[in-house]
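Next up, some structures in structure tokens.
Each of the next two complexes has chain A plus one other chain: chain B in the first, chain C in the second.
Right, the complex of A and B next:
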């Protein structure tokens, strides 16, 4: 940024000559290069060796059958066996299905609810600061605490939720113990915890919108839903895109909520990818295979999300330039 | 303008150099700060322990030990379910961070096979005045003994048993505890249906992994099964399938709501809160059942052997009650082995165990003298005989042990959970588990 500013700084013809006299162009370019390199150096010192170590170690792990309980297994070369095993692993495919449902349903509800709440809080309403603080509370909790708290609340024997449902005559249900309701319940906790993130970002986006398109539309007679459909949402599109992207990336990685609430059960009904990788890596200590599954999933996420992220970032840059 | 840009550029570079220098020197400092942490010359040992009452008892008494021996002891506790991963990661990196680990023999045997933990025989004489192997109740020491080596000192042990509500059995006209699996099912049905579903016939742990596998292994043995057939892993053997289907049907038909996620604690709470008429679990549950401050069933619980589905208890020793021991193991990578062993001998000594009986819940103490003491009889009299009887017949091979134990327990646990959830039949789930294990353990 500073290099760009220096290059674009308007200088008079006389000044330019003096500068060229003092500093030959090639030398200046070299100095610029060194200057830029020196800025990247601290990060590079840490990031590049780490990346190399991870890459080399990763290749070593996915091509070997290492199991922590078997000393010497790290030297057992298996080639692509771990990959073939992954492609024929029904539990892995089941966990991908669970993760996709979790992401699409969870993020979908979060977006719909989050935008709705943000629109309701937009403008001058009494106690807005207080409401915003209250809404933020679930987001402040770590997922482990949120998961444990909800697990206790939903406990069929001593939990508040079942007691309350019993009291009002609906009758309790073991929400986490029934495979038909376990995933839905876990998704609701995900929604409860992360909708505030959507609210806060969308609210900030709403408050930074230029009021003139709204005024023009109102002069033309647009109100209510029309205003929302044709003015608010299109103007918010870049913000919404970024929020969706961030929420999807976060939801794909979900681990703590599921691990604390159901550990992937009953059966495999809530076993998301991260929980499956954890199970392979840290319960059976099959490190080679766990790394392979982790690499495959990370690559899949990158392939799917990277173009979307690039497009969204391009969209933002174009908007800024416009 | 140009001067300003140049000034900024110079300032930036100075900042970069400063940050780089700080990072590099910081890194060097960090590299060179790996001190012994032994507190100024005294020997310091680190112990990774289960977060339970036995550990709390050590913590209370540690100052005396430290004063007498000059050995400083740091005890770090982690929940049981996270412990195996932490220990194994430590061992596999050949780290000397933990000198002693406290875990159960299912994992300990594997650690010994992998040479992660030491044979203690050569250290015994060094702490003879504190404790010796022959003072332990023999069945508790046996799981950590092989080929003349003793690789762990037992802290607490347990078996499994049937716990049943005597008041409910009487109310529904059931005469005594069930002695066969058919009777167990009939009794569960009678109470569940007789109470209109308000009291579950039986509650068991249903959560995936070791939680469900531990009590389920009793059903496996009760049907005459084993994890191995002729030395080959066979978790999908007919007896195993039959036991699993029976177990799942029993819980689905007469178990409490949410049983599919029950771990030890939830199962214990369900039983002590009067939600169920029977449960099969560890002998360590006894004191919790009889604790009048937290149990509504205190004084109303009977304790009995786990029934069999086959005609008699097998004479081969394949009994359907466990003998599970949680012990202290000495890391092969410890730099303070003598001091670490001294702590192990002290932590399992008579004075320490007697203090545990007096002040905490510790029905599983492991020294013969303490188990036979008056204090023990006074505190655990309600079920002492039943505990000792179960220990005497406890199956040392109840769960798979050794290097493959984790994989087998995890896969079978998943198969149980899938069967209970109705995702697959017992046969399909166990066949899938067997296939997965064949791939993993080749």
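Right, the complex of A and C next:
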């Protein structure tokens, strides 16, 4: 990163004009270069060594069959065997499927519910400031605590949810113990925790919208859902796409909720990618293979998400005008 | 949206309040369980009326190690957030003020930061663990602080960038002509204008570090365990003693939840990296 910084510094446009009419050109330039490099230095001190670790150790780990329980296994060179193993690993494909369902269903519900609540909150509502403070709470709650709290609520013998369902006559169910309902239940907790994020940002977006298109549309006789569909949502589109992006990036990384609620079980029915890598690396200590899975998954995530991220954050490398 | 139809308006209010109840009721149940006796907490039929007991809190704090965990979590979170701001602000300044934000070098650097933000942490989990274990940075809070600082820097760069990208570059140029160096210009002309962003970054980095679980689980142990790791450990350590577990959960999250509510005004813009102005 700092390599880019120092290389780019002298040719950065903008200072070309200002620097030229100052006295000794080369010395001035050298000083500029040093002071600019020093701006990137604190970040570089942390980031560059960590990137080097990922690179060097990553290459070492993916090409060796290291298992922490077997001394000497770190030296066992296996070439591409870890990759071949990954491509024929049904659990890996299962966990990719779990992650995809988790992200699509979870973020989908969060968006629909969050936008609806934000629209309802926008405008005059009794106790609005108080409501906004309450809504914040699930979002900042430690995910581990959120997971455990819902596990308590869903406990088959002493949980509130099952007692409630029994009482109203539907009948309880071991939601987390049944492979058919476990993933849905975990997604419910994801939705509980993260819908407030959508609400808060979409509400802030609504409040910052320019009122004049609304006034114009109202003069033209548009009301209710027409106004929503043709004015509000289109104006809100940039905010909505950033919210989706940030939620997807975050949901792909999910680990804590699943680890505390089901540890990926029953079987592998809720085993998301992060939980699978953790299980391989730190429960069976097969860290060579764990790294390989981590690399493959990260590449896939980057290929899918990074182009969207750069576009939405307004970051494209434009051709320089010369 | 202004609605003049009263039915729709009351439906809106009912909807909003239902959502708020859905947010708060599980938390209320968490707090109430933490104040129950072991027997009541395990009861098949919910116990609605009980004399609150604070014994669970004492047990969680002393025997469960929550006191120690809070100190570790607070130190890691505060140090990493401050370092993140210290390293992130100059980099954001470099990519928006020194170079114009659309210059290729600046865009490349920011893309790099965005790339690191997008990448799932499982990529670096095993390489970091192996290296840190080799040099004695596991089992104490130092390795974890380095990792959390890394993530705080990414957060800080993106937030500061979103604030500085529309900040007029002439102010820095004027400061330079007045003889200030880059750092002087940053501290005297930029920093006073971005206190809001600095505070937002601090809050979000603090919450991010406090709640982080994956690296904390792998890199800390025993006395160096952070709050989430300690709470998760209650599950196996005490069997499933819900009363103590929930008490630990309340202790561990109360500071951060209260903090977030107090400073919530600063958060919305930081949360979306400038997606909302």
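Assume the second predicted complex is superposed on the first by the 280 of 322 C-alpha atoms of A that agree within 3 Å, B and C clash if a C-alpha of one lies under 4 Å from a C-alpha of the other, contacts with A are read in each partner's own complex, and residues count from 1 in each chain.
Keep this in mind: a residue touches a chain if its C-beta (ideal position, glycine included) is under 8 Å from a C-beta of that chain, and two chains touch if they have at least 3 such contacts.
None of the values given here were measured: they were computed from a predicted structure.
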item: Chain B or chain C, by number of chain A residues touched; value: C
item: Touching partner for A:38 - first (chain B), second (chain C), both, neither; value: both
item: Touched partner set for A:209, first chain B, second chain C, both or neither; value: neither
item: Touched partner set for A:178, first chain B, second chain C, both or neither; value: first
item: Partner chain(s) touched by A:265 [first = chain B, second = chain C, both, neither]; value: first
item: Partner chain in contact with A:105 - chain B first, chain C second, else both or neither; value: neither
item: First (chain B), second (chain C), both or neither touched by A:69; value: first
item: Partner chain(s) touched by A:46 [first = chain B, second = chain C, both, neither]; value: both
item: Touched partner set for A:285, first chain B, second chain C, both or neither; value: first
item: Which of chain B and chain C A:157 touches, first, second, both or neither; value: both
item: Common interface residues of chain A - those touching chain B in one complex and chain C in the other; value: 5, 9, 11, 15, 35, 38-39, 42, 45-46, 155, 157-158, 282
item: Residue ranges of chain B in contact with chain A within the complex; value: 1-2, 5, 8-9, 12-13, 16-17, 19-20, 23-24, 84-85, 88-89, 91-92, 110, 114-116, 206-209, 256-262, 266, 269-270, 273, 275, 403-404, 406-407, 410-411, 414, 417-418, 420-424, 432, 436, 439-440
item: Residues of chain A that touch chain C when the two form their complex; value: 1, 4-5, 7-9, 11-15, 18, 35-36, 38-40, 42-43, 45-47, 50, 53-54, 56-58, 61, 113, 116-117, 119-123, 125-126, 131-145, 148-150, 152-153, 155, 157-158, 160, 163, 192, 195-197, 199-201, 203-205, 208, 224, 227-228, 232, 238-239, 242-243, 246, 249, 252-253, 255-256, 259-260, 273-274, 277-278, 281-282, 287, 290-291, 293-295, 297-298, 301-302, 305-306, 309-310, 313, 315-318, 320
item: Touching residues (chain side chain A, partner chain B) in the complex; value: 2, 5-6, 9, 11, 15, 19, 35, 38-39, 41-42, 45-46, 67-71, 85, 90-91, 155-158, 172-174, 176-179, 262-269, 279, 282-286, 289
item: Contact set on chain C toward chain A in their complex; value: 1-3, 8, 12-13, 15-17, 19-20, 22-24, 26-27, 29-30, 33, 41-46, 83, 86-88, 90-91, 93-94, 98-100, 102-112, 114-131, 146-147, 149-150, 153, 157-158, 169, 173, 176, 181-183, 186, 207, 210-211, 213-214, 217-218, 227-228, 231-232, 235, 242, 245-246, 249, 252-253, 256-257, 260-261, 264, 267-269, 271-273, 275-277
